[in-house]
Structures are given as C-alpha cells and as structure tokens.
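Going in written order, the chains are labelled A, B and C, and every chain counts its residues from 1.
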Amino acid sequence: MSPSNWTWFHRLASPPYFYRLAGRLAPWFGWAAALGLAAGLYGGLWLAPADYQQGDGFRIIYIHVPSAYLSMMCYMLVAGASAIGLVWRMKLAHAVAVAAAPLGASFTFLALITGSLWGKPMWGTYWVWDARLTSELILLFLYLGFIALHQAYEDPRSGERAGAVLALVGVVNVPIIHYSVVWWSSLHQGSTVFVGSKSDISASMLIPLLTMIAAFTCYFAACLLKRIQAEILEREQNAGWVREMLEQT
Amino acid sequence: MKLGLSAHGVTIWRGDRCLARGLSFELGEGEVLQLVGPNGSGKTSLMRVLAGIGRLDEGEVRWGGIPIRACLDYHATLAYLGHSNALKNHLTTRENIYFYHSITANSSEITADEILSKLELKPMADRPCGLLSMGQRRRAALARLLIGRARLWILDEPLSSLDAEGVAQVAALLMEHVRAGGLAVIATHQVLQLDGVPVRRLELGGN
Amino acid sequence: MRALAALVRRDLRLCFRRPGEVATPVLFFVMVAVLFPLGLSPQPELLAMVAPGVLWVAALLAGLIGQESLFKSDYEDGSLEQLLLGPAALELVVLTRIFTHWLTTGLPLVILSPFLGLMLDYPVQAFGTLVLSLMLGTLILSLLGAVGAALTVGLRQSGMLLPILVLPLAVPVLIFGAQGAAQAARGEDAAAALYLLGALLVLGVTLVPFAVAGALRISLES
C-alpha cells in the first residue's frame, strides 16, 4: 500500500479534518435525500399501480423495505467502525459507531412498525412471527444492548471500547441468529412467506423502491455526519481548534 | 540498551479529567520512584498504566527501551500490588499463597511456608483471610512480592493498614530488592526511609 | 498448565465454601419450571406440548442468573488483575474459568432436567436427547454469558444489563435446543438440532475466549 493511501486514512482520523469534511458533505446528502424521497414517494404512491393481490396496502413497502435494509447496513457499519477502532486504536471510529447506533435502532423500529402495519390488512393481525420480522426484533435488541452498554460505563472511552467488543460479537452472531430464526419459522409455518416474496416485481414498482432505498441511505448519511460532528465537539471540547472555531462564529 | 522503566509523553484521561499530560521519566536499576499527590490526583491510574493494565491515551511506556505493549513477558518481570489485596476471603492464608506460588512463572526457590514465616503470618496461616485484620491481610498480599523474581515492583499504598513493625518489614524488603538491582515505583503518603537508596519523587495533581 | 490446574483447584474450593452461589441458579431453574404449570394449566396434553420450551427457557434464565458471579468476586478483590498479570494467557484462564463455573452452575441444571421433565410430562424415551441438548446448550450459554459478564463486571448495575446483552445472542441456542427437544418428544429425529448445537459450541470455544479476554481488559483499564 503506497504511503499516500495511509496519509489519507490518517488524515480522515483527525477530528478537525473530519469535522470540516462532514460539515461540507452533509448538506449534499440532505438535499439528495429530500429529492429522492419526493421522487420515490411520488412514484410509489401515485404512479405505481395497486398490487392485484394486496391492493393499496402493499405501498407500505416503500417505507418498510428501505428501513429494513438500512437497519442491517447500519449494524454492519457499527461493527466495521468498531473493528477499526479496536484494531487501529482510532477514537474517531468509535465515535462513528456510537453515533450510528441510535440511527440504526430507529430504522429497525421503523421497519418493525411498518411491517406490523402491513400485517393488519394482509393477515388480519398486527404481529406475525415470521422469520424476517423476528430477526428485525432481535436486531433491535442488539442495538439497544450496544447503546445501553456504552452508556453504562462511567468512562466514555472505555464504554465505547466495550460496546465495540459487543458489536463484533453481535455481528458474528447475526447470520447465525438469522439462520436459526428461518429454521424455526420453517418448522412451524411451512411455506408462509411475508415480506419480500421473490415474486415478480414490475419495473414501475421496483424503480420507486430503489429510489426510496437510495433516498433513505442519503438521509442516513446526512444524519450520521451531523451526529458525528456533535460527537467530535463533545470529545474535543477542550481542544484548541474547537475554541478557535467557536470564536470565529 | 538501558534496562529500566521509562515513560514518554504519557497522557491519561479518565472521563473528562486529565490525570497526566505529557508525563516523562526514566527509572534505572536500583532506583525507586515515589509518586506523591493528593487523593484522586491519578497516582493509582498512573501505576496501572505502568503495569500495563490501565488505559494509556497518548504516549508510551517502555521497559528496556521496548514499548510494553510489544513486550511479551513484561508481566513476568513485574509485581503489582494494588489497593485491594487480591486475596480470596474464603481461602486460608496458606491456600492463597500456595495459589499465587502455583501461578507465578518463575517462582523463586523460596517455598510458601518460608514466605509465611518471613512475613510473620504463621499463626494465622490456616485461618480464612476474611477473618484476618486489615494489617495482616496487607502483609499476606505482600507475599506476592516474594514469590516471583520480579525486577520491577509497582506498589500502590503498600504501607496502608500496617503498624510500625509492618512498615519496617516493607522497608527491609524494599531495600533488599533495590540492592539486588530491582526497580520500584511506590505511591505512599508516608516518608520512605531507605538508607543509601536514592528515592526520586514525582508529584501528580499539578496538571 | 500448572497455573490452570491451580486455578481449577482454587475455583472448586471456593465453590464448596460458598454453596449459596451454586444453589441459586439451580433453585431458580426448578422454580421457573414449576411456575409454568401454575401459570398455564396442569393438563398433561398441554404440558407435554410446552415442556421442551419451558425447560429450555428456564435453563436459559437460570444460566443467566448464575453468570453474574463469574468474574464479579475476582474483580472486586483484585484477583482478576493478578490473573491478567499472571503467566498463563488470559484467554486460557478465561476458558478454564468458564468451564469450572459451568461445572457448578450449568451441569446441575442438566442433571436436574430429567426430573423436571417428569413433572412436565416430557416423554421418558426422549430424555437422552433432552439431556444432551441441555448439556451442549448450557455450555454455549456459559460461553455467551461470559462475554456479557466480562463486559459488565465493572458496572454498578451489571445484574440488569447482563441478560439484556446476552439474550439476543442466545436465541439460536434456544431455538436449536428447544426444537431438538421437541422433535425428540414427538419421536422425530433430532440429530440436525444436536449437530447445530455442537457446531455452535465449537465456534464458541474458539472465538469467545478472545472476546472475553478483550472485554476483561477493557473492564480493568480505568
């Protein structure tokens, strides 16, 4: 690996540099999210035809699927940032993990709520113990455990490292948990499939869905960058560069 | 390569308090470093960092020129006495000392019974440690110093709860250790009286 | 090796002198298993249907109750630091400690399970599978519980937090174990579930010691 790659990596790890970079990037992601949400919702709620089986109720997938996707991606991000923080002893990586976790938990919660709301018109009940929803529920507990653990520590630097260990143990478990829940579900429910059936999905439904996923991701990125900025300020509150910056405003 | 303990730019944060900033020192063979400072000034944290247990935020601690993080057998050359005695209350004094004797890498030839005699713990050898007085427990904890052939002693308030006799005993052990070329870092409020042994002082809490 | 043997001797000796610590999880196991018929219904058909799940959930909860004591005492009296500074690799010390702890908290549950199975109308011919699944399962739970114990040992409210951290991780064990026991009760072949438990155990034994050692170092670092 050439020296120039490493200097980029180390520069990124410097709090003032990352703070400024995040400040510049966040608005772009924010606007992209707003546009994407508008386009996706228009395409999904107006343009796409009603599903011949489920009527208009299926349209909730335009919120449910992106939320579920992001809840998983965010956990990977938390685990990845935790690994970088532990291996390279980079405090900023831990800040990323700590900032991302509540966002991931919120998306998981949103996925559960929308999944539940979808269930009512579909199956007549607000909760179905299918593999995907059950896995999401356990994912929510993993997130809440991470947040509870690092906040329980008196010394925040040790707390985030403990959380990092938990996140890594969790990420190894996620495929195991998912497989076990699928196995459990198949033993008891046979072929009932709930979310994301691999049935043909027409382009008029797919494009708004992909747009929504992209929009959610941009929204997530914008929120995350802002949260990381807040984390950086809290950690570096006594540093010279923070005081200088506050004096300038 | 100078064999000794050295700190380079050591910075320690606990919560939002900075306990040490850019601390540096060098300690060679036969030298004693005494840490002084008010309660809560970071003496214990610094000692734990030197022992390789505590978290170091910036800087480096080196043993014999090698960073302790990279030093595989640093712990084998070290004897650490913390605030707590590391004694199991439900085990007798003898059982506790036997245990440490069994788990120490290069136990010196001295047997557990000899240690009990040397520290004047024979009368209470078979009593559970939970029934001993604070001073007796502190003396039992000191047994760990005699077991291994540690070159570096890190002692956090070794004299606490000890009577005058106990204090004299510790001073004697310390002098024996230092004269044999050992190093020691000690945190204590009391004045150390060691004949002919240079005691350097490092004051904390001024940061 | 000598160090690990000394550690095992020390731990077993301590357990014999503090029987209360050992008895609590066992009593909890029995009580939870007894509460279910009281809460549901004593009808044999119903009990037979829920017995595998009830036994497994009870074992899981009782196991969690026992985990808090894994490192607490050593942490509080300073022995844990000395083990960290000792010559044996912390990962091996941890594995030894978990195993000895299982002998006194997990194994009694396994031994008691057939008797509770009788009370819950679990078919006698499936006892072998039940016991085997619980043996593998309690071992895995001890390993997972150790991760939670190591992460929370220095915290004040560790008792509440430990189950929250460990339960999501324990879901696969619960599923494979309880479903295996249920399959055996129905006369079906439960080999798949047992193999899966075995695989989890192997994975746990290889990876958990590193996680636990890392977590202990973090708990001791402030």
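In the analysis below, a residue touches a chain if its C-beta (ideal position, glycine included) is under 8 Å from a C-beta of that chain, and two chains touch if they have at least 3 such contacts.
Note that the structure is predicted; figures quoted are calculated from it, not measured.
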item: Most central chain, Cα average position; value: C
item: Farthest chain relative to subunit A (centres taken as mean CA coordinates); value: B
item: Of A-C and A-B, whichever chain pair has more C-beta contact pairs; value: A-C
item: Centroid spacing, where centroids are CA-atom means, of subunit B and subunit C in whole angstrom; value: 37
item: Subunit A and subunit C: spacing of chain centres that average the CA atoms, whole Å; value: 32
item: Separation of mean Cα positions, subunit B and subunit A [Å, integer]; value: 47
item: Touching two or more other chains - residues of subunit C; value: 221-222
item: Subunit A, residues touching no fewer than two other chains; value: 154-155, 158
item: Of all residues in subunit B, the ones touching two or more other chains; value: 14, 55
item: Subunit C-facing residues of subunit B, complex; value: 14, 45, 48, 51-55, 75-76, 78, 80, 82-91, 95, 98-100, 102-105, 144
item: Complex contact set, residues of subunit B against subunit A; value: 13-15, 55, 57
item: Residue numbers on subunit C that touch subunit B, as the complex places them; value: 2-3, 5-7, 9-10, 13-14, 17-18, 73, 76-79, 81-88, 217, 220-222
item: Touching residues (chain side subunit C, partner subunit A) in the complex; value: 147, 151-152, 154-155, 157, 161, 164-165, 167-169, 171-172, 175-176, 179, 196, 200, 207, 211, 214-215, 218-219, 221-222
item: Touch list for subunit A against partner subunit B, complex; value: 154-158
